[in-house]
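After this come two complexes, each holding chain A, first together with chain B and then together with chain C.
Up next is the complex of A and B:
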């Protein structure tokens, strides 16, 4: 599904954050990536989500070699990967209602017709009930907003979901609910998962295998 | 909602702030109504010369006095404000739209486009803008449109800079990453997430630019390069009153001058309040 080979990536020339890291996620597999904060695992997650061009190394997604990143990547390839970030506050446009946030990928890819049905379906999946969908980000809690962000990541039915510290800012019950929602989605679609985090207990129970950051570098 | 947040100065400061905002609003509404309603409703010729009435001080018959060829200054001032406001509003609008588009495009496209456009902005900014404005009006016959063009051409630069900086800071937010991952095109990201984020700033810049543009019109007209001298504009009125000022006749200079200063302060008062609403934390720096 996803094959990262000898990835070197960073934000400044000559100062890589990620050095020669390799990681593979098989179809349908759930891989946890464990590492201390600041080690570069979020950067690797961004590379996997085609949001950050690595300085070196190859990314293979669904058997196809990735040659372009961000806007330049073909839309079909970009939307193969869904991504959930650590902070829902920063990951949601403060001007949009939760309903619009979830529907945005459908609108952006010209699939307006599916909006109503799909948004209701996902609100049910992630547990966003009542009038929450009609509120704006500042009117809901972090947990509720992260549920919307997960719904947005799943709305285009990605075959790989990248969760970058998805539950780091949430309480235990919301964490359990979000993980359960991800697992339900994966059961229905056999999608793969790359969960990045530092919570060993969580990742070892959630994923098929948990990879240690220090063991990935070649 | 707005009056429940932030109360750093206690009640007394707040009430003067409210008073200032209300006074500014009243002044601006009165000015706009005057320039819109007087010309169609009052059938007096602002150009009517009456040499027997020349340079009369303010009286009941001529509240602002008369000028050196006996024209009523109140009427001339209203017509002058009309032209100056028209120039100010249109030039500010054009400058803001151009500045926003250029700034947003430079930031959204990035790379060499951004560098090229911003170096161009630097080159334009390195020329004093009154000089550049004079250069533009000098290419055309005196009239309203060359003045508007000259003010607009010289004023989109600062808006472009503001908008570019704002878009750059928005562009690095994770929600833009999320949009890209959700398949949004560059255009979609710009129109859906970036532009709505900078519009309040751009709107504020536009409002603040109106008085600035009026002053530019006045400066150009005062130098004799702006509007044709028979046309009443605030700059032309001050310019033609210079001679009589030396003879001790203060009214032909004072009233057009006040009509330039008072609406400027009123716009600043309203814009200050608006800016406080955009960012209440920076309130103290913005008191005017």
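Up next is the complex of A and C:
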């Protein structure tokens, strides 16, 4: 599904934060990526989510070589991947209602017609009940906002979900609820998962295998 | 600290909270009941962990103890601070008293996000020195030595004293913030989510450092949603739900032994990935629209008609159905 080969990436010329890292995720597989803060695992997650162009190495997504990143990536490739970040506050437009946040990828790809049905479906999946969908980010808790961000990541039915520390700020119960929602989606769609984090207990419980950051460079 | 001294210290109550409630007045005459009728005692040398889902009122409780609530808040009850001087009711004291004698001097705050708590344009040394001068009146010629001693108390490496906050890792920023909190030698330390966003090693180290400050004879109130950190260092655990403490238990019996007794406390613990990894069903209620009876009843599988009246808190747990009901 996803094949990262010898990826070197960074933000300044000559100072890569990721060096020669390789990682593969098979179709339907859930892979955890474990590493301490600051090791570069989030940068690799951004490369995998087509949000950051690596300096070197190849990314193969669903059998096709990735040649463009961010807004230049072809839509078909871009919508193959869904991504959830650590901090929902930084990842959600504070002016939009949760309903609009979840629906945004549908609007952006001209699939407005699906909005109502799809948003309700996802609200049910991630457990956003009541009038929560009509609120703006400042009116909900971190956990509730992260549920909306997960729904947004799933709204285009991605075949690969990248979760970068999705639950690091959340309490145990919300963590378990979000992981359960991801797993329900994966059961229904056989999508793959790349979950990045530092919590070994969590990733070993959640994923088929947990890869150690230090073992990936070659 | 010797064992005899520890026993003596443990007998001294530092903070005594009785019937503490906080309401926020909202537009249209609505009220948000953020904290309701919370009571607990905290002794010197003891660590109490206040745990619960986000939005349960934990941080509002901390703000109330520091007198940092916004203007639309109304409080009831009392929170008497005994340590470090004459007893003072933190809810009744005026701003002048709190600012000049309480914050920093009798209550040290270990903040949630140390990187945001430190002044970005000044070095750690400058901030420590200023705090020392303000809180302890250390004369200028002794300031350098005192600053280094203060840094060492929180295991902050002296070689990093001349750095700015953005040059510190998360762990070092946490230690700098802890060093600042310890300067006033306050008998009560309040740690508000001190481990959020840190990785496991750093969580353990931060928690251990906080534990050490308690072992030195301080009272430590740790507000957290990180049950692993609570398990590591707490003597007692208070579980908060919808603004109320629903269970107050010894940490050893809560995490091991007999386990929690309140269904919510059980659910919270069972949500951990090393346990059942199943969430508590549903979501916490809106604090502006709480039911009359037990606030947990809508999510509780043991709920019956009896839960329409609020279960009283007997000092340990508040629930009508402590034993599993016989299923008919």
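As a convention for this text, the second predicted complex is superposed on the first by the 218 of 218 C-alpha atoms of A that agree within 3 Å, B and C clash if a C-alpha of one lies under 4 Å from a C-alpha of the other, contacts with A are read in each partner's own complex, and residues count from 1 in each chain.
The rule is simple: contacts are C-beta pairs under 8 Å (C-beta built on N, C-alpha and C of every residue); 3 or more make two chains touch, one makes a residue touch a chain.
Everything numeric here is computed off the predicted structure, so don't read it as measured data.
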{"item": "Overlay on chain A: chain C relative to chain B, clash or fit", "value": "fit"}
{"item": "Which of chain B and chain C A:144 touches, first, second, both or neither", "value": "second"}
{"item": "Partner chain(s) touched by A:83 [first = chain B, second = chain C, both, neither]", "value": "first"}
{"item": "Contacts of A:109 with chain B and chain C, given as first, second, both or neither", "value": "first"}
{"item": "Which of chain B and chain C A:93 touches, first, second, both or neither", "value": "first"}
{"item": "First, second, both or neither for A:49, with chain B first and chain C second", "value": "first"}
{"item": "Apex chain A: angle to the C-alpha centres of chain B and chain C, given in degrees as a multiple of 10", "value": "80"}
{"item": "Smallest distance from any CA atom of chain C to any CA atom of chain B, in Å, after fitting", "value": "7"}
{"item": "Set intersection of chain A contacts, chain C complex versus chain B complex", "value": "none"}
{"item": "Touching residues (chain side chain B, partner chain A) in the complex", "value": "173-175, 177-186, 188-189, 192-193, 196-197"}
{"item": "Residues of chain C that touch chain A when the two form their complex", "value": "52-55, 169-170, 196-202, 225, 227, 267-269, 271-274, 277-280, 282-284"}
{"item": "Parts of chain A lying in touch with chain B, wherever the complex brings them together", "value": "46, 49-51, 70-71, 75, 78-79, 81-83, 85, 87, 90-93, 95, 104-105, 108-109, 149, 152-153, 155-156"}
{"item": "Chain A - residues contacting chain C, complex", "value": "36-38, 86, 127, 129, 141-144, 168-177, 179-180, 198-202, 204-206"}
